[in-house]
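What follows is a structure written as structure tokens; I'll ask about it next.
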Amino acid sequence: MSTLIHRHSDGVFIIAATPFAGDGALDLDSTDRMVDFYLDCGVTGMTILGIMGEAPKLSGEESQVFARRVLDRVAGRVPVIVGVSGAGLDNMARLSHSVMDMGAAGVMVAPMPGLLTETKLKGYFAQVCGALGPDVPICLQDYPQTTGVQFSVETILDIARANPQVVMLKHEDWPGLNKLSRVRAETGTGDMPRLSILVGNAALFLPQELQRGADGAMTGFAYPEMLVQVVERHKAGDVDGAEDLFDAYLPMVRYEQQLGIGLAIRKEILHRRGVLAAPKVRAPGPSLTKADHAELTRLMSRLDKKLGEMG
Amino acid sequence: MSTLIHRHSDGVFIIAATPFAGDGALDLDSTDRMVDFYLDCGVTGMTILGIMGEAPKLSGEESQVFARRVLDRVAGRVPVIVGVSGAGLDNMARLSHSVMDMGAAGVMVAPMPGLLTETKLKGYFAQVCGALGPDVPICLQDYPQTTGVQFSVETILDIARANPQVVMLKHEDWPGLNKLSRVRAETGTGDMPRLSILVGNAALFLPQELQRGADGAMTGFAYPEMLVQVVERHKAGDVDGAEDLFDAYLPMVRYEQQLGIGLAIRKEILHRRGVLAAPKVRAPGPSLTKADHAELTRLMSRLDKKLGEMG
Amino acid sequence: MSTLIHRHSDGVFIIAATPFAGDGALDLDSTDRMVDFYLDCGVTGMTILGIMGEAPKLSGEESQVFARRVLDRVAGRVPVIVGVSGAGLDNMARLSHSVMDMGAAGVMVAPMPGLLTETKLKGYFAQVCGALGPDVPICLQDYPQTTGVQFSVETILDIARANPQVVMLKHEDWPGLNKLSRVRAETGTGDMPRLSILVGNAALFLPQELQRGADGAMTGFAYPEMLVQVVERHKAGDVDGAEDLFDAYLPMVRYEQQLGIGLAIRKEILHRRGVLAAPKVRAPGPSLTKADHAELTRLMSRLDKKLGEMG
Amino acid sequence: MSTLIHRHSDGVFIIAATPFAGDGALDLDSTDRMVDFYLDCGVTGMTILGIMGEAPKLSGEESQVFARRVLDRVAGRVPVIVGVSGAGLDNMARLSHSVMDMGAAGVMVAPMPGLLTETKLKGYFAQVCGALGPDVPICLQDYPQTTGVQFSVETILDIARANPQVVMLKHEDWPGLNKLSRVRAETGTGDMPRLSILVGNAALFLPQELQRGADGAMTGFAYPEMLVQVVERHKAGDVDGAEDLFDAYLPMVRYEQQLGIGLAIRKEILHRRGVLAAPKVRAPGPSLTKADHAELTRLMSRLDKKLGEMG
């Protein structure tokens, strides 16, 4: 079994897609291939059943089957986080305990919509932590673009201080660079324990976020090797080289970071790269037009050319 | 088996609570008692697993168990509608077919959040109807306060025209009296089939809505006998008498129509009336303060007094 | 000149309409008549240029003319609060100083949309208070249904503690009864000064709110005499009598409390009661259908009948 | 006087900042310098008093003074569009007529918040066009991230067909590439007149948008020379060269496209480039931290280096 996620977890936790066959059924062969692909890219962790993993479109049984398949294939080589956000604490606790038993390294929790004051947010995370029990490490997902819920720095710190099992922050507020700077500066101090900070939001600001103290990325970009190399270069002190590599991919990063349709683009790229047998997104969901396909072809080809020039 | 819901369904389809024991487990004895209570009140239908039924807090298996229990107890005496709204069409289809097989009379569908144009809404309902198949009658729930999705009259009519299985509208837009008038006037005409219109939004405007042509109510007010009598009096031509009775209950209707906490109030009243063994709402959910309890006691006592005076 | 608003202000601060002629021009004769009408009803204060006063539809010059007309007519008999909420602090300061010079008793400030964390809200009110200067008393308007901004009790208390010129709360969160109870209990204590609490939200819960410690109402109900009598009876210790009177008007209170169209209903009633020469709402704005007119006639007539029966 | 905006307007309409001195006063000298700078960059038009121009923070008089100063300095060399969005039609009409009299080429209108159905949107634009009169050309701004209002393609086409003075679309929905493709394909046909399409959203997808048929850009990027050259290269047939140049600036485009703080970044760059005497944003508004300043310096220096390498 892998170690649990902790306050110093770093690197790239890839947000895994959930592969479906053309008819919409779970595609477990592609799941195996995808896990291998991510590991080959050098990821240091994986996150499954997140918003991008189409979790709410799976049946309860499918979620179990998929989680088990991924965990079996990973076989403890890297930690795996499971998204468990949902409307009821009972369901969250049931899923959390089930995947922890299978070998998950922690769970990710985004707040329910409607938690619109600090008081409500703190109360909610106290309830969640109580329901999950102190042995389940939690990654708090701060993603207002999708949840409609806003965390201030103060709220994040209060929640982390009050609930020691909250050890990681998935930072994807936007704009959010100064928020990241403050969370970094105000954790790991005397009375406030450190938080691992992994950045999402399609990694649109990854170099800036690393320069401001992020520990790595947690996103699903379809070229995970870039994320891995950027983080590694940065950690090795090659800050400019990290940013140069990132900038080469930036046209594609920007293209994937289109809320909604981004998932279809991501699956299409993984399909073209031989990872997924089909680019299928379950209904209701976005699909690509002919113009999108042509545009993606152009962008992929421009990326290849640029990488060639960079040597 | 009861008949399916149809374009002339009317009366009171009570929105059923989901009873839980004090420890949070499904309470099937209270479920039986609640079904009997509703039937004794004279309801003409029942709706289960709606937003007020805490459906998203049930596991898939619990939903099945609860639906079967209700359907068995009702035993075809009145039609039962099942709420199936959710994020994925596969899950919606699976649940719909399962409950229709058990004897449900139709399903209720509210749009997913994010369907913010008419084009998207029409596309979504086409997809839903395709996934459910033409044999499942649908009640379209128009409830923008909770879904964030707005239907114009034109959109409702277009969806109903394009999808003949959409036979009923749960009207709970607010303010929405003129919308109701228009849907009534513009359905049941030459090229546009009739829609059954049942009103929700806690019935806050029930007399006005009946006067504007609603066929009845679909809400969960904890005194269903009032809803039943108001609709019956209105249909019998006693428009003033219907409104007089309603107005006597209006302080309580208003009190229950508090989004969020209204569910806790409703369950507390059903508990006090001997229907539910416990007023339990699953977490995360609202609970009543001491001041709320005292206030409710006062309001219930004022209601009793007023009903006594009315004879 | 009237005294400034303060921590013990109470009674009924009526939210004044802004009267327009049929062609949309400011109607200053109706303005005089309306002021007289409100004073005759026994209001203890007036609030102008609020959201219901169509303030954003006036030009800067019209706002000045209207405010001066009201203040001149009131002539210091009751305090007048002026709504100054807006996008820029410079504009807010300019308007505030101008109306205070004319004799206003204070200003009302609702937060800008987008202030979605406690940290942002506290920062905003600090900026506003700085821009207005300490001599301008402020009524904080807590109205999330319209602003989209949510205050917790803690945030309200922090703002009031940090900014001594915030002396009054316009409470219209919904549902919000427990919030009101808490603000009442947690102000006027050792380290936290008292706040005057006046309730809005069309007064839908006025008896409950008075029972929980509100000092009065600040809303624009078109029968201000009811608000005045309910508050007076309640203060005189006739709690049941106050609630009985309120309940008689409740069908109409509920009818006016329809966000958006409520303004057109209110102006129509004031027109029918001889206060406004025209029920004009400036474009873009709601207007009443034929069905609305008939419904209102019915409700007004039912109200007259009920008041007759009550003696 | 310049010609009015029309269905074939193209190139770069720069969104002009509103320059303030350090003390917050309108800075008219910087205004002149900014106009000269934009014209030197080769813009084909200018848009003032938009959301990014801090229009709601100006007094009515300041808006007039600023508009007149810009229009006088431009002296008819390029068309100037004035943002007139607001809450009341009277105010919109007054401002529109005033600036058209000064020589503006048209006005820009974004819908009010709350217009959440196609029916309401179409009704609103009919009212606006009626109030402005048929001689005022309109650019419709489709910017849901800020307004909360969503246009479908069908709604845009219906509004443009019904209101011939709507000749231009400011496209900044996100994601919105397929929307742009459809508006381009479905206008300029038999029964549907052409629309000029200028793209906003900080130009994040400018090459893709030009490739899909946009006529140019309307945004406020602080390096307008890039926008101008990209559009020119694209029109000259050098599609790859246009995209190469754009991609070199993309790290900075992405950095400026941070909703809210983007305005402060933009003004800071214009200040560093010698255009604005001060980078002042009026309160309440964003400001840059020390980390932001350092980050911007780094990004500007990387941009210079890359442009140097490109020759």
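Letters A, B, C and D mark the chains in the order given here, with residues in each chain numbered from 1 onward.
The working rule: contacts are C-beta pairs under 8 Å (C-beta built on N, C-alpha and C of every residue); 3 or more make two chains touch, one makes a residue touch a chain.
As the structure is a prediction and not an experimental result, all values here were calculated from the model.
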{"item": "Shared interface numbering between chain D and chain A [over half = same, under half = different]", "value": "same"}
{"item": "Chain of greatest Cα-centre distance to chain B", "value": "D"}
{"item": "Inter-chain centre distance, chain B versus chain C - centres from mean C-alpha coordinates, in Å", "value": "34"}
{"item": "Interfacial residue positions of chain A with respect to chain C in the complex", "value": "116-120, 144, 150-155"}
{"item": "Residue numbers on chain A that touch chain B, as the complex places them", "value": "24, 54, 56-61, 86-91, 94, 112-113, 124, 127, 131, 282-284"}
{"item": "Of chain A, residues touching chain D in the complex", "value": "174-175, 177-178, 181, 204-205, 208, 211-212, 243, 247, 250-251, 254-255, 258-262, 289, 291-292, 295, 302"}
